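Both of the next two complexes hold chain A, though its partner changes from chain B to chain C.
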Partner chain A sequence: MLLDLSEEHKEHLAFLPRVDNAVVAEFGRIAVEFLRRGANPKIYEGAARKLSVSSDTVQRGVEGLTYLLTESSKLMISELDFQDSVFVLGFSEELNRLLLQLYLDNRKEIRTILSELAPDLPSYHSLEWRLDVQLASRSLRQQIKPAVTIKLHLNQNGDHTTQVLQTDPATLLHLVRQLEQALEEMKTSHCRRVVRNIK
Partner chain B sequence: MGEGKYMEQDSECRNKIKGQLVDFQWKLGMAVSSDSCRSLRYPYVAVMLKVADHSGQVKSKSFEMTVPQFQNFYRQFKEIAAVIETV
Partner chain C sequence: MELSEYVQKGFQMLADPGCFDPNAFTLLLRAAFQSLLDAQADEAVLDHPDLKHIDPVVLKHCHAAAATCILEAGKQRADKSTLSTYLEDCKFDRERIELFCTEYQNNKNSLEILLGSIGRSLPHITDVSWRLEYQIKTNQLHKMYRPAYLVTLNVENTDSGSHPEISFSCSMEQLQDLVGKLKDASKSLERATQL
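Let's turn to the complex of A and B:
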């Protein structure tokens, strides 16, 4: 699969052959750092001064490079497809080789970062429970009614939330049985076949 | 004329009320065991309030109190009742 680079993207990347390959390698390092930790505009200004160009030009060059790397990593394109996609930019063979190396060296890490961008459902963090005996209520006195109170700790996108639930022991047993049944499904031949085929 | 003015103020106050207590349920329980402490004898009062907002939507709020907390809670209402008597 070839990358389809827009005219605007090609324009931004056109800055790269205007600088040393060492600078392009540095831009590559900055691009991955930005993906790890977020952009730092001050770095553009320093580079712009050293290269005697506007800071916007540097920014667009780095962002163009970042986008090239993330799109290639996202689609997991082959070496050959990457080379063919970059070929249309008309860069020198040395620069093309450098870009390919940047892609191959950083692809795994970029994919890990991109995988964290998927929407996140609340997930289990921990659970506290308490066994209670209800002795009386507004509507009925002299009771002995067992109940289980559960405090479910959840994580979602880095936020921590809690949910308090209460149930009786019979329902809790039913819940446990349902969860055990779900786990047992994983052992069926159908599920095993699907998992084997995905791997 | 004095009376009329008092009634006006009264209905204005009611419109500004954020919620109206619709139901007050309680229960008394004893916690006997938990994940952090296997042998407990901890009595508590659990309260569930139902409050209707100005649009009529009813929301529930539950909370728990230890016995000393409940005694303080009860004392507040006794004080409110005492003050109302004097009005």
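Let's turn to the complex of A and C:
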């Protein structure tokens, strides 16, 4: 599957052959940093000064490179497809190899970052538990009421939330049984077949 | 057991056969238990024909006194002798004491369950449901091919009576971590109950 690069995109990338390969490698690093942490205009200005070009040109070059890398990572295109896609830009063979290397080196991380953009439900982080026995309350003395107190740590959109919950011993056993069944499901022949055949 | 003057006055009237004949006494006693323990009970609980001849103000006073005494006894987990002693001090005759204690004994369990359920507590997990899915792609990421679980905990809030749900997603490893920790908790619980 080939990448479809728009004219505008090709224009932005046209900046790359005009600089050293070392600079392209540096742009690659800035591009991945951009994905990790967002744009940093100061970096563009610094690079622009050193290369005697406008800050805009640098920015577009980096953004073009970022888009190239993210689209390729998103589609998980093969090496061959990447090379063919980049070929239409008419770059030197050395530059093409450099771009391919950038793609392969950063693909895994970029895909991890992209996976965080999906519609997000809170996700499990960890769990702490504590055993308690209630001995008395305002309305009833001399009790022996065991309970398990649970602190559930969840992540959502980078925020860490916690929920404090409680349950009784019988429900705890029920929870364990139900969730063990959930884990067992992955090992059934049905699930194995799906995993094997959908690739 | 220490109860207020209001309760004591009510009991004095209840002890008096001139005020309450044996039948009326039994009916009032049962009405008191019913008001406390029967979720559907309402004001009509005192509307029995055999109680009509008694002044409604007296009826309500004694009903309230009996109910208060029952609750206090339940709260303190009073035994038969404590209850008897208190009723003796209120000048109940032997027969009425026996009747009260028998009724109390019959309803003791329900009473304790009721009292034990009153109070603030943390949101309580009542059930769990799960969903296993195989993620193929999102609009940001194609060719994912990984299993994921969606777990929903059903939770009950004692004070607001609401039933919020807590849902979260997790990978297989994370679910294993979760189950492992819950199993540790239940093993600890087992060991604690064997001590």
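Note that the second predicted complex is superposed on the first by the 122 of 199 C-alpha atoms of A that agree within 3 Å, B and C clash if a C-alpha of one lies under 4 Å from a C-alpha of the other, contacts with A are read in each partner's own complex, and residues count from 1 in each chain.
Methods note: a residue touches a chain if its C-beta (ideal position, glycine included) is under 8 Å from a C-beta of that chain, and two chains touch if they have at least 3 such contacts.
All values derive from a computational prediction rather than experimental measurement.
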First, second, both or neither for A:Leu183, with chain B first and chain C second: second
Partner chain(s) touched by A:Ser52 [first = chain B, second = chain C, both, neither]: neither
Which superposed partner A:Asn157 touches (first chain B, second chain C, both, neither): neither
Partner chain(s) touched by A:Ser6 [first = chain B, second = chain C, both, neither]: neither
Which superposed partner A:Val195 touches (first chain B, second chain C, both, neither): second
Dominant toucher of chain A (residue count), chain B or chain C: C
First (chain B), second (chain C), both or neither touched by A:Leu135: first
Interface residues of chain A shared between complexes with chain B and chain C: 127-129, 131, 137-138, 149, 164
Of chain A, residues touching chain B in the complex: 127-138, 147, 149, 164
Residues of chain B defined as touching chain A within the complex: 24-36, 40, 43, 62
Contact set on chain A toward chain C in their complex: 74-76, 111, 114-115, 117-119, 121-124, 126-129, 131, 137-143, 145-146, 148-150, 152, 154, 163-169, 171-176, 178-180, 182-183, 185-186, 191, 194-195, 198-199
In the complex, chain C residues that touch chain A: 74-77, 112, 115-116, 118-119, 121-130, 132, 134, 136, 138, 140-145, 147, 149-151, 153, 155, 166-170, 172, 174-179, 181-186, 188-189, 192-193
